[in-house]
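Here you go, one structure.
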Amino acid sequence: MSERARTRFAAVLMLVLVPALVLLGSLVWANRRFYLVSILVTILSLLPMLLRFERRSPQARELVILSVMIALAVAGRAAFSFAPAFKPVAAVVILSGAAFGCEAGFLVGAGSAFLSNFFFGQGPWTPWQMLGFGLIGFLAGLFFAHRYQPKRLGLCIFGFFAVFLLYGPLLDVGSVLMVSGDVTKEAIVAALATGVAFNAIHGGATVLFLALAGEPLLRKLDRVKIKYGILSDAE
Amino acid sequence: MRALHCAVSCAFFALVLIVTMLVLHPAYLLISLIGAAGSLAALTGLHGLGQRLKWVLPLMLLTVFFNAAFQHRGVTALFYLHNGNAVTLESTVFGLCAATMLAAAVLWCGCMHQVLTSDKLMALTGWLLPSISLLLSMALRMVPRVLRCLKETYDAQKAMDGLTGPLAVPRRCVRALSGTVSWMLEHAVVTADSMKARGYGVGRRTHFHRETWGQSETLFGLTLLVLAGLTLLGIFSGSGTEVFYPSLQFSPPTMKNLAAWCCWALTCALPMLIEGKEALQWRRSGSTI
Amino acid sequence: MAAIRIDHLNFTYPLSDAPALRDVSLSVEDGEFLLLCGVSGCGKTTLLRHLKSALTPNGKRSGDILLDGKPLAEISQREQAARIGFVLQQPEDQIVTDKVWHELAFGLENLGVEPETLRLRVGEMASFFGIQEWFDRDTDGLSGGQKQLLNLAAVLVMQPEVLVLDEPTARLDPIAAAEFLRAVERVNRELGVTVILSEQRLEPVLGMADHTAVLESGRLSACGTPKEIAEKLYKTSSPFFAAMPAAVRIWGGLGGHGDCPMDVRAGKAMLRNYTLEKTDFPPAESVAGETLLRLKDVWFRYERSGPDVLRGMNLTVHKGEILAVVGGNGCGKTTALRQLAGSLKPWRGKPENEEAKVALLPQEPRALFTRESLRQELGSGQGRWIEALELSDLLDRDPGDLSGGEQQRAAIAKVLTSSPDVLLLDEPTKGMDAIFKHRFGEMLRALTADGLAIVLVSHDVEFCAEFANRAGLLFDGQLLSAGETRSFFTGNHFYTTAANRMARQQLPEALLCEEVIAACRNVPAPASPQF
């Protein structure tokens, strides 16, 4: 299967199959075990990308570069631990996706969420964060990886919406499920409303990091890509 | 508990977490909460438990409030809000149960954090996802380096860039970030060489870990299997049925149900029992010297 | 049978006209210890990397490399991975995983060794190197010396027949380096592993090697026992002779008669055949310029309940001088520098700064660079320094692509952009070869000519003795006997130059090889001019 086809396959799996499973779960169990189902679904939805990575036995250079990007995101979260929503994690994940493609973006996102919780505490929120950041990285790869030198404005707009409309709401819904175990429209609206300010700060921080560091960092990552011929989507 | 093979401890935590989240019957939840709190105390001491409770308790309150305020199903109205919606007994009880479930889950996760340390978790993921496990291990190795490098570059910039004004700090941060990225990527090339020099990529890898399976693992595994079977049997035969809406209905404490609850209680007490046994063994071995 | 034979190897990098290796032929016997030396950029690394296909660079090549009589190209990567062990220069970068035990197992995991066998082999190697005490630790918490030892052990678990080491001690301090080399010697002597090692600092390793090979701009210029090499380099007036140990240099300076001494003991014996004329050495040029910076009774600790790193330290920096601070590992040298730079605040005492601008060059000069080219880093208006530091050709390069020495120079130019009055250097000569080190010292002197003060902390006694105006020993949190360089070093027993240790009974004031050579009488032939 070509890289394109594989990407499309993974996209279908994640963007269609997973919501379908959630829906099915909610119908079969009514709305009672929603949280357990949602966690299982989240974990399941992480698997295809991970297994795909396993199957193709990654090269040493891919592994080291991915590990640097993950470590950078984790260290960034630790370095800014004093400011709750002001984190460079999403920016690093987006840049990884934009430079090295969907799979790399997803792995950096999910990996950094998983690892950073070793320092900040694992909990029922871990799978949600993994899925959230993983999706952001995946989408960044989908939008930017095939373009040469994405523009700063594009990155910033994507960064803001990815955090404000995708990551934030996903985690808010996750916490509604965690807190009420029972989903009503009002509860979700309330959770989303209380999360708006937090998500806006998080999105703003992401935009700030992308605006200031996005282009030079992408240039550096592109240089690495050309120099060592790695992780490029062309096979 | 920490000395046990990661497979059995992982199976234990998977069981406890699933049952805790699956069964919202007050008896099950209360047993789980007590078990989790006791286990955490046994593993980290009362201080560690206190640290967690500091933010778990507010979370519980929030959950109860959230349910009472936004869930208006149920037949027993306690009072009415100014917008005409009722705060019902059922939604409040549901909130209490959900809060207990959440607290128990968080405390169990705390125990898991103590027992399944990063290298045990790596041993476990290595079995299913060896490349991912290696990637995570490599990333964990990089994290302190990146932090040091960020600090060094930041300090060096601060000492000589002469920036002032409100944008000085963010600009310096970004420069440090950018410098760190290229610095670390240069190192990464050497790391990749070191991996290749040691034969990475020449064939199928095996996965080494330091977990060993001994008598105590077999014993614990069998106990866990029996208890899990009995607990699940109890749950599916209706010892943990609960209905919240429209009105509350819980499985009553009959003899059969009490027996099932006891099995669950014994399961939740396993970490405490093991920690207690280890402490006792330690004390005994010490007294003979 | 030769373990490794290199047959007429030629190699040219892509986009380069000059070959990096020219007709290199070399044979290494089974169980032999071969030392490969040469100045930076002479092709040592390129040659060593040819000994393992996985690391061989791309380019045009001719000639053969045979392992046990079989061409390397015909041996599978898998077999090569196990049979040829490779240790690189950077201790930190070679470590792949987060735990010591996992790092030891990594190579065997790659070969698909079953866990039971793996456990035994790892345990064996950990015991051989005494690693079991830190078997459980995170790799990040180890010292540089421990890291490099771990890299060595992680290669040896695969039970290689040949061990190749590319400047493994360049980033270590002298004590850790000596310990590492002793471990390599043990591997060679006790396990019978063939060792091929390249090195800049020849002093500690020359005595261990069975044979030494010298590379000069890609050509093998000499090969033989260390003594033969010394004699050959002397006879051919090779520039690389300057990198030889002090005893060899003095022997050469005296005309190269008789048996060549390889260490201080033999050098001392040789000097007994001469009378050393009493000479009045002028004290190092004393610069009694105005005081720029002063630490007065400074106490410092990193944590409130931790130990004091500095305990009542006093230090004065004058305009236009080079002040050298020597001292063992972890004695607080870097801490003292950061006090001078003002980036750490003492809890008692006060650094007095008469409005002097201070610039610190950290041990890792790479930390200073964040831009994409050197030109961007340096900005404009630095023409003078760019010339003096020989950077003009490098301006359009990415700072990350520069070699260690080039990075060091570029970093100095960068810190000089803020036109400081005091320049603080942390271990500036780490990893430099002998010839470049000398040029670097001259550059530092040129910088002080306009009144810049330089403070350097270093393990490199020889360098400090040659170029500093004043020197002091940092020990127990205090600067001991900071004084004029000659009187400081000649008063020491251990912290002094090798030349001084050889000549101290006859001429206690002599510090440098040239001084000893000049003072020797009964010289049967005129001294050679290469020094």
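Letters A, B and C name the chains as they come in the text, with residue numbers starting at 1 for each one.
We take it that a residue touches a chain if its C-beta (ideal position, glycine included) is under 8 Å from a C-beta of that chain, and two chains touch if they have at least 3 such contacts.
All of these numbers come straight from a predicted model, not from anything done at the bench.
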Contact graph of the chains (line, ring, star, complete, other): complete
Chain pair, A-C or A-B, that carries the greater number of C-beta contacts: A-B
Centre distance in Å when chain B and chain C are each reduced to the mean of their C-alpha atoms: 48
Whole-Å separation of chain centres (CA-atom averages), chain A against chain C: 44
Rounded Å distance between chain A and chain B, as computed from the means of their C-alpha atoms: 21
Chain C: positions in contact with at least two other chains: 398
Shared-contact residues (touching 2 or more other chains) in chain B: 118, 134, 138, 140-141, 145, 178, 182, 187-188, 191, 195-196, 200-201
Per-residue multi-chain contacts in chain A, two or more chains: 216, 220
Interface residues, chain B side, partner chain A - complex: 18, 21-22, 24, 62-63, 66-67, 70-71, 94-95, 98, 101-102, 105-106, 109-110, 112-113, 118, 129-132, 134-136, 138-143, 145-147, 150, 170-171, 174, 177-178, 180-182, 184-185, 187-189, 191-192, 195-196, 200-201
Contacting residues of chain A [partner chain C, same complex]: 216, 219-220, 223
Chain C to chain A touching residues, read off their complex: 372, 398
Chain C residues within the chain B interface of the complex: 52, 54-55, 76-78, 81-82, 85-86, 88, 90, 92-99, 101-102, 105-115, 118-119, 122, 138-140, 151, 154-155, 158, 341, 343, 359-360, 362, 364, 366-370, 398, 400, 414-415, 417-418
Chain A residues within the chain B interface of the complex: 32-33, 35-36, 39, 50-51, 53-54, 57-61, 63-68, 70-72, 74-76, 78-79, 88, 107, 111-112, 114-115, 118, 121-124, 178-182, 184, 186-187, 190, 208-209, 212-213, 216-217, 220-221, 224, 228
